[in-house]
Amino acid sequence: MATAYLLLAPATVLLLGMLAYPLGWEVWISFTDFSPLNDHGPRFVGLENYRHLLADAEFWRAVVVTVGFAAATTLAKLALGVAFALLLARPFRGRTLVFLAIFLPWAYPASVSVIGWYWTLSPPIPTAYSPFMGTLKYTVDGALGGGAWAFLSVTLFNIWRGSSFIGVFLLAGINAVPPELFECALLESRSAWRRFWLVTVPLLRPFLALAVFLSLTTAFADLANVWLLTAGRVVFPVVGTQAYWLAIKGGQFGPASALSLMLVPFLLAVLALLFRAFDPPAEARA
Amino acid sequence: MNPRPWWRRAGHAGLLLVATVYCVFPIYFMFVQSLKTAQEDVFGNPFIVTNPTLENFEELFERKGQPRNFVGRALRRDYPFFVWLENTIVIFGGSVAITLAAGVAAAYALGRLQPPGFRWWRRAIFATYVVPHTILFVPLYQVIIRLGLDDNPVVLLLVYPTMALPFCVWILSAYFQNLPREIEESALVEGASRAAAFYRIVLPMSRPVLIAAGIFALGTIASDFMIASVFLLSEHNQTIPAGLATMEVALDELLAVAGINLMAIPVVLLCAVFARGYVRGLTAAMIEGA
Amino acid sequence: MAQVLLKDLNKKYDEVHAVKDVNLHIRDKEFIVLVGPSGCGKSTTLRMVAGLEEITAGEIAIGDRVVNDLPPKDRDIAMVFQNYALYPHMTVYDNMAFGLKMRKFPKAEIQKRVQDAAEILGIQDLLKRKPRQLSGGQRQRVAVGRAIVRHPQVFLFDEPLSNLDAKLRVQMRVELKRLHDRLETTAIYVTHDQVEAMTLGDRVVVMKDGWIQQVGEPLELYTKPSNRFVAGFIGSPAMNFVDVGIQGSDSSLTAQGTGIRLAIPPVNASQLGPYKGQRVTLGIRPEDLHIAAGGDQAGYVFDAVVDVVEPLGSEILLDVKAGPNSLVARVEPTVRLKVHDGVRLAVNPDRLHFFDMTSEKAI
């Protein structure tokens, strides 16, 4: 057993140091009025920061946008991902090429493709396609409010890249399911639609659940990427970016911490639900 | 089964085409721009390139100190692209290696040695994904300063692994858990020590899953530019993504796009070479497991 | 070549006492089979000999060496596993050479030994393949080959045939026996299949719930089972058991069960004397039942009704009911009987078994 703990040590230390400790600090600060603008150190204020937040209409707007963004991108990614996986499930000529094409958006480093994507959709300088994109941007912003186009572009980017990951991931999932189970389903029902819902989806449930969760976590990272890239030009407030704004620009670390932590319980609840699908309790194992 | 009717096959092919275009077009578009001269960029057809040139790529590699042209009255800054490239290779390679080493060790402990409560341990590691890195900048910065790693690329070697580790531990431990115990035991009986049984038998036969974990780690790490650009301040410490983000887009758009492609090409090639292994490894980890 | 001694061997897991006070002397060159239902402790015993399980109490000696604290690699044993445990990333050759390489044998010697083993097993043509390109039977051979190249002191087999289909299993059984005759290496073989145990073992050890039930040569176990469990476990179809009361005088005892009444043959009379007025279990093997004919003595016949007829070609298995008791009789293939026919059966008086009801020991 000593060996086991020894082997677990590097991963655990990394995660504790780089995640758990900062998280703990964040939790502590969220109960204080800490700010570099103050002369004094952090002062304990209890739930004050949280109380403020809950009373703030802007916060609730951010929550709505955040949840909406997460839900919409996840649904779209899942739908596209499932479609990709099913398209690739059976052998056909040129499958490798199509597979590579579908793998590409994820394999292409998001750190740079997000930049390229954003510039493409909002060209910073005159290029051949700038006028067209400009018109599009003003139309969308005009219809949905300032910053809508930028926000939309992040959403599209996240879906584009995420559907690639989920498609490949589910393809692996389909390969992991014994083919007899699908053949069996072929005997059960002639309707492809019914087969899909009654057999394919339940069989892939653990992989779908895992995919949903991973997709949720990347949704926020992408958003933050663009937010930083555009120096806050994404006007639509989202919980993560709003917190960043408060902390860096406003120097209000206390409220910022409280705000950013609001995401965690939400994700934790989703994870707890999903664990039931992809990590069933021990009794299944011999 | 009956051969499928032509219209169904045509439909399938059509869907494949749509999917392919959807996935590839944005990348194609960026690639095309990077091959353009400034003139064609402004006046040409955005979808094709008529006079492909590598001058944007070449320009990236021009040494510091060499004169660069003016655009209007603005002097175009030059960028230490070589240094960025070096940093990027070291940091990406190192992070993937650290992720795999720590991940394999932890996964072997959880999947095979199964200390008390290993299930919860495994879940806890995975659950760290609920904490978006984006909300941790301020405290993370304090940790880094305390470690004396301010503006030091080593920081990324510590932070990046934590982004990929949970998933890697998850699939690797599922795989180790399902690996027949007898294979290792057989090696022990045959004359191997525990360590030898691990690196001569278990590790080589886990290759597909290791590839899957490695590719996932690379993809995850390569997707970050925020952490890099927040923690690496001096120009000579930056990675390509962080560096590109500092470019004057208005002046050097084509240069930046070329940089994007230069950064992406090796990563994409690596992923493409291992793509099949990636799927195979994920599948291997998921069979009975997950 | 070596003897193996197990002394007061015990294995306890957190809540399970898997192996209890096992004492066994396995002689040099002997082929010994541990057999029993799943969870009887046979595999655990074998794994303790291999060094894959820690010994809770007791001692294991291979040759003259107590090996309790030796790791598996230093015990000079070879093991064949149920799922073969071939290394999937290595060729057949490398699989077989692995143990020799780990022991730093010279290259030429390795090559020679692998070739020899491959020849013995008829797998010379497979040496360059990977395990996944082999059939079940071929994998089995490779696993055996991997064990024999090292000329170990003891072979350990953990249910090596149970993943094969029935036909192949019979074939491999014969080959293993031939191989053992040729190599003359001490072998410990674990199986849950009593036919395998009987055909392969010089001696057979029957285990249940961690205890050794009986150790003996195959026929000894069959003809003289020491208790009801062994009697029921060895032999197929299994021995019939009938609950009977012992009645009558010392000179003419009878066994009276519901719907069945048999005289007690003189050979059993003296042992059963003390059981007069008590209940015991009567055991009759299916082949010791036949259709009654003129020659059968009146005391040894009873009437029954045919329940199921199972014609096997060489014989017929008759499932009959005598009162509430279900019995199986193995009869001539020429017998023509239908379900619900009445039938008069006779027992072979020299081959009746009696067991104490509480201790289940043979009387």
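Here the chain labels run A, B and C in written order, and each chain numbers its own residues starting at 1.
As a working rule, a contact is a pair of C-beta atoms (placed from the backbone, for glycine too) under 8 Å apart; a residue touches a chain by one contact, two chains touch by 3 or more.
Remember, it's a predicted structure, so these values are computed and weren't measured experimentally.
If subunit C is ignored, touching still links all the remaining chains into one piece. Centroid analysis (C-alpha atoms only) places C farthest from subunit A. Top-ranked chain pair, ordered by C-beta pairs in contact, is A-B.
Computed centre separation for the pair subunit B/subunit C is 57 angstrom, with centres defined by C-alpha atoms. Inter-chain spacing, taken between the CA centroids of subunit A and subunit B, is 16 Å.
Taking each chain's centre as the average of its CA atoms, subunit A and subunit C sit 59 Å apart. On the side of subunit A, the complex with subunit B involves touching residues 1, 3-5, 7-8, 10-12, 14-15, 17-23, 25-26, 29, 83-84, 87, 92, 94, 96-117, 119-120, 123-129, 160-161, 164-165, 168-169, 171-173, 175-176, 206-207, 210, 213-214, 217-218, 220-221, 224-225, 228-229, 240-241, 243-244, 247-248, 253, 256-257, 260-261, 263-264, 267-268, 271, 275, 278-279, 282, 285. Against subunit C, the residues of subunit B that register as touching in their complex are 180, 182-183, 185-193, 196, 200-201, 204-205, 207. Taken in their complex, subunit C has these residues touching subunit B: 50-52, 71-73, 75, 77-79, 81-83, 85-89, 98-99, 102-103, 146, 150, 156. The part of subunit B that touches subunit A in the complex is made up of residues 12, 15-16, 19-20, 22-24, 26-27, 29-30, 33, 40-46, 98, 101-103, 105-106, 108-110, 113-116, 118-119, 121-123, 125-140, 142-143, 158-159, 161-162, 165-167, 169, 177, 219, 222-226, 228-230, 240-241, 244-245, 249-250, 253, 256-257, 259-260, 263-264, 267-268, 271-272, 275-276, 278-280, 282-283, 286-287, 290.
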